[in-house]
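Several structures are given next for inspection.
One chain, subunit A, links the two complexes that follow: it is found with subunit B in the first and with subunit C in the second.
Coming up: the complex of A and B.
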């Protein structure tokens, strides 16, 4: 009975709701796009006086450094996310399955970066990395990006682990599966939604870091936000908008590519409901 | 295996800490050779500097929020520097150069001898901080051939940066002057003094405001008002004495408070930045904006942000002017390359290109009289845009900046007496 109502609702409201959602999400991007192309768009004019490609021709010019920064941003986000997965998987497993002394403390430390202001922790990281010679390197920036991203990955994975009934794994083991086979064929497919959620957040948060990248990268690691911020703050909103559109496109594509790869790989095994 | 105990965690944490501490000790051993050559460089003749610079890559940290400035650096300066001097210029965009000063300060604290900042664009407060914290390399300006040939090193606006002697730690790159920007369609005769401005504001309520200090431009507006309400700038050209200053400031606060209710939104709120004020102006909400760049109005007309009827004016008694500089940090690893780059940026060729609004449109730091007749002719033929005042009119209305210690006192005073 309940299923029927849900289906009915979906049928009647699905299209308008979808349209509304797309509209509210697309509207800011459309405004940015128009802003990046407009010449003399002043209140109370509804439309710009003319269109110009000034902002885009600067952003897409070879000297502006945009291309290299997009590549570098994506590279950093990808490596950060892979490290997060490798670190987060056992961490989340332990936190979801075991009770041990000091568990609350460990959880506190893992989630601390969400609560502690990034500026405070970054200042400390900066001084330590300076001593270690890790500033001004991509490696240093990648390590620094782990702090704000790891908590989200761990959180997403913990929830996935909590919904995975250990008896499923025990069954596989009694049927003769090895530890690795059990993980690969039983646990991992179940974790895919959590991995997608955690990795999406990890990618997005890594891509949007300005302060951490600036302080740890010392200006030598130029990601897209580093190019974008001076324009937004300095008042050239057309170029700022063009960069913002580019940034959204980059982030959207990265998310799409990631979920495509994961789903494509595990798609056949995704046979469960949450 | 189901129980991980706290002692195990503690041991791991301690081990990591020890490892990190060990690494940091290793890093502190830096080689003394690098510093020895850098002091020699300050005495070397120009040919030695130029030959040492060949093949170096210079990292220039500078504000990165202007298309025209970025393009001038990347498309005009960098290729020529590469071609003629074999020095590669790499521009590093910065949101606020103060962040770079803090970076240098952190590097100084951990004794990092090989920094990545080779060249930095600063003035005023940032220069003061850098100089006081010993973050700049040394006195290099007299070694630059173009500095010696084309710059009037004794001019007050070159010698002192916001009242602080440069002592050769930085070389002047360009000049800026405070101008008011207005819409000539809405204002037929712009005011010529701060007193007239106040009258105009009262007759046209809601059509004027200024960015809230400590915004750079808002802060400059306050100093502009200070000069005219308290009897000129001369009295402030000495180190700050807060006790004797405070009573002198009351005419300034009275002036600002008297116009407050006639400001945009009745002065209940102020735009937080120049960018916000510009937006209000572009949208026609206010009829004036302002700024520390005489050519900006023309540039904004060209970009379509300001209406074509935009013009600029200076006050009869003059407006604030300052010079901005190029400097080399203490731990630059390419000092020779940085010197060659600075010398090139001070050449008449580079300065005239910078003066041209097609590139940037900013005032030269060179002394016009010292240029060759051909170059002087080139300069006079450049059309600086419809809204930019002639170079002569700007030059004859220049007032020096206050020592930067005053700036903080005024900004705080504004919060205390006007904003409250």
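Coming up: the complex of A and C.
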């Protein structure tokens, strides 16, 4: 009998595992797609009785508000991510490099939003924003989105900073690089993977926020999840499915575009950097 | 004038009770074009001193002068120094050429000029044609060469070297030393080298400063330092095997019943101190001293039995026990067969080569 090695195992299990993975990933999307194209697909029918483009023509029509909400979702996610980067960079640097009094407390506060239930903190944020007049505004929603996203950005950047040898910066300084040049030429290229990871999480989490956007935006800031929710919640499952597919596509594309831009930019610098 | 001058440098380190020391350099001058080696065991503060000169660490007190102006208040990047660390520290996302040109880029030199300079510098360190590669594609020795080229290409006023070769193989180390010495002399670079490798300091340096616990114990040219160490620790650090404590009286050194004739030191009377009897100064008597053919002065004969005998790299290193004192001597292995344990040997020495370090 053949020896059961890792290679052999991979050989025998590779195909079924891949198939399983594809099905678990693709099946829900396929089901959603079929659902969005069906006309009254109900139990106990195994397949929809008739196909129709009704849901999609509604979703893609100009009157549905889809385009505006996709644009708004992406805009909020992008601004949130940029603010996260600007806030997270110095914060992560300090947390990775220095030991100071109360460091654990600061870390605790930074990570708190992903430990404390979002509903609890959002209620507090809403009370404060009401007083400040920030509710029912895009700005308010952007600020509220920072709470659940910043911890992931900081975490990713801390790990990147921890793997950056501080001596490299010393070396750059002895070669005449000032503070800004050290950061721009030496540290930042090293941080790209961490930035990609942090920004991906930040974008995804911001895009998928429903509760925070609903409470802080007061229903006036209509992002894609807000537009989608009534349909999923019993309104019209076909349209809800179409929105769900659209949402997956939007999130996937946003991720792809972001990592492409970052990697392409630094990839270029890597090749032609002189 | 581009000499480097340190004045009253003090820097305290207090990690814990056991691990704290104070760097204290009242003054130190490194002449223009000189290669000065700071030699000391690890943890003696030599790297700290180098970082103070580079501006990477701020001293508690004191000033660093370059020529006739103080550079203490100038940040590292404007000091115009070159520094090579123990690791090559090449920037991993840049090509070898971009690494070498980095310093020139920071000076705002145009791309064409800096690429040309980088190319010729790479040639000087024997790495022509490696410019397009990335650091990860080079061996350790090649990386360290690139690091050296990168530090030299900006024509620094002072070159600082922090144990630059200690992570390399011995063979490669020798090659790099030759390369460094050649380049240093070609460019007449004022160089401060920090090392714990005695051999490296002696091969490279014009002048050596011995450092211990944050202080410089002795500064001199290598040979003078070797021949006239001013403390028993320095003598032992520089490789002396037999450093014996005793008393010198009217030209005779005595430690217990062990006696040595020390001519030319008659001015000392009952002076306690150490005698340095180098293992290469001790020789086997070719003929038994008791015979009348022996030409050797009887006062210069030591007799003892072999306690330990080790063969290493073409020499025997033999420990001989005589009365209260054991001494180590070395001689080429081809001179005679390996001395057996317990064998009685007669040794002689050159009294002129003895060094006496008085205790004050």
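Convention: the second predicted complex is superposed on the first by the 236 of 274 C-alpha atoms of A that agree within 3 Å, B and C clash if a C-alpha of one lies under 4 Å from a C-alpha of the other, contacts with A are read in each partner's own complex, and residues count from 1 in each chain.
Criterion: contacts are C-beta pairs under 8 Å (C-beta built on N, C-alpha and C of every residue); 3 or more make two chains touch, one makes a residue touch a chain.
Keep in mind it's a predicted model, so treat the numbers as computed, not measured.
With both complexes brought onto subunit A, simultaneous placement of subunit B and subunit C is permitted, the two fitting side by side without a clash. After overlaying the two complexes on the shared chain, residue contacts for A:229 are found with subunit B alone; subunit C is out of touch.
Of the two partner chains placed around the shared chain by superposition, subunit C is the only one that A:171 touches, whereas subunit B remains out of contact.
Judged by the touch definition given at the top, the superposed model places A:215 against subunit B, while subunit C stays out of reach. More residues of subunit A are touched by B (comparison of subunit B with subunit C).
Once chain A of one complex is fitted onto chain A of the other, the partner contacts of A:186 are limited to subunit C, with no touch recorded for subunit B. In the superposition on chain A, contact of A:16 is made with neither subunit B nor subunit C.
Of the two partner chains, neither subunit B nor subunit C is touched by A:117. Put simply, subunit B and subunit C get as close as 12 Å, counting only Cα atoms, in the superposed view. Those residues of subunit B lying in contact with subunit A across their complex are 2-6, 9, 20, 23-24, 27-28, 59, 61, 63-67, 70-71, 74-75, 92-96, 99-100, 103, 106-107, 109-110, 112, 116-117, 273-275, 278-279, 282-285, 303-305, 307. Within the complex formed with subunit A, the subunit C residues making contact are 54-56, 75-78, 80-83, 85, 87, 89, 91-95, 97-98, 101-103, 105-107, 111, 114-115, 150-151, 154, 160.
Those residues of subunit A whose C-beta lies close enough to touch subunit C in the complex are 165, 167-168, 170-178, 181, 185-186, 189-190, 266, 269-270, 273-274.
Residues of subunit A touching subunit B in their complex: 38-43, 49-50, 52, 54-55, 58, 63-64, 94, 98, 100-102, 106, 126-128, 130-133, 136, 210, 214-215, 218-220, 222, 226-227, 229-231, 233-239.
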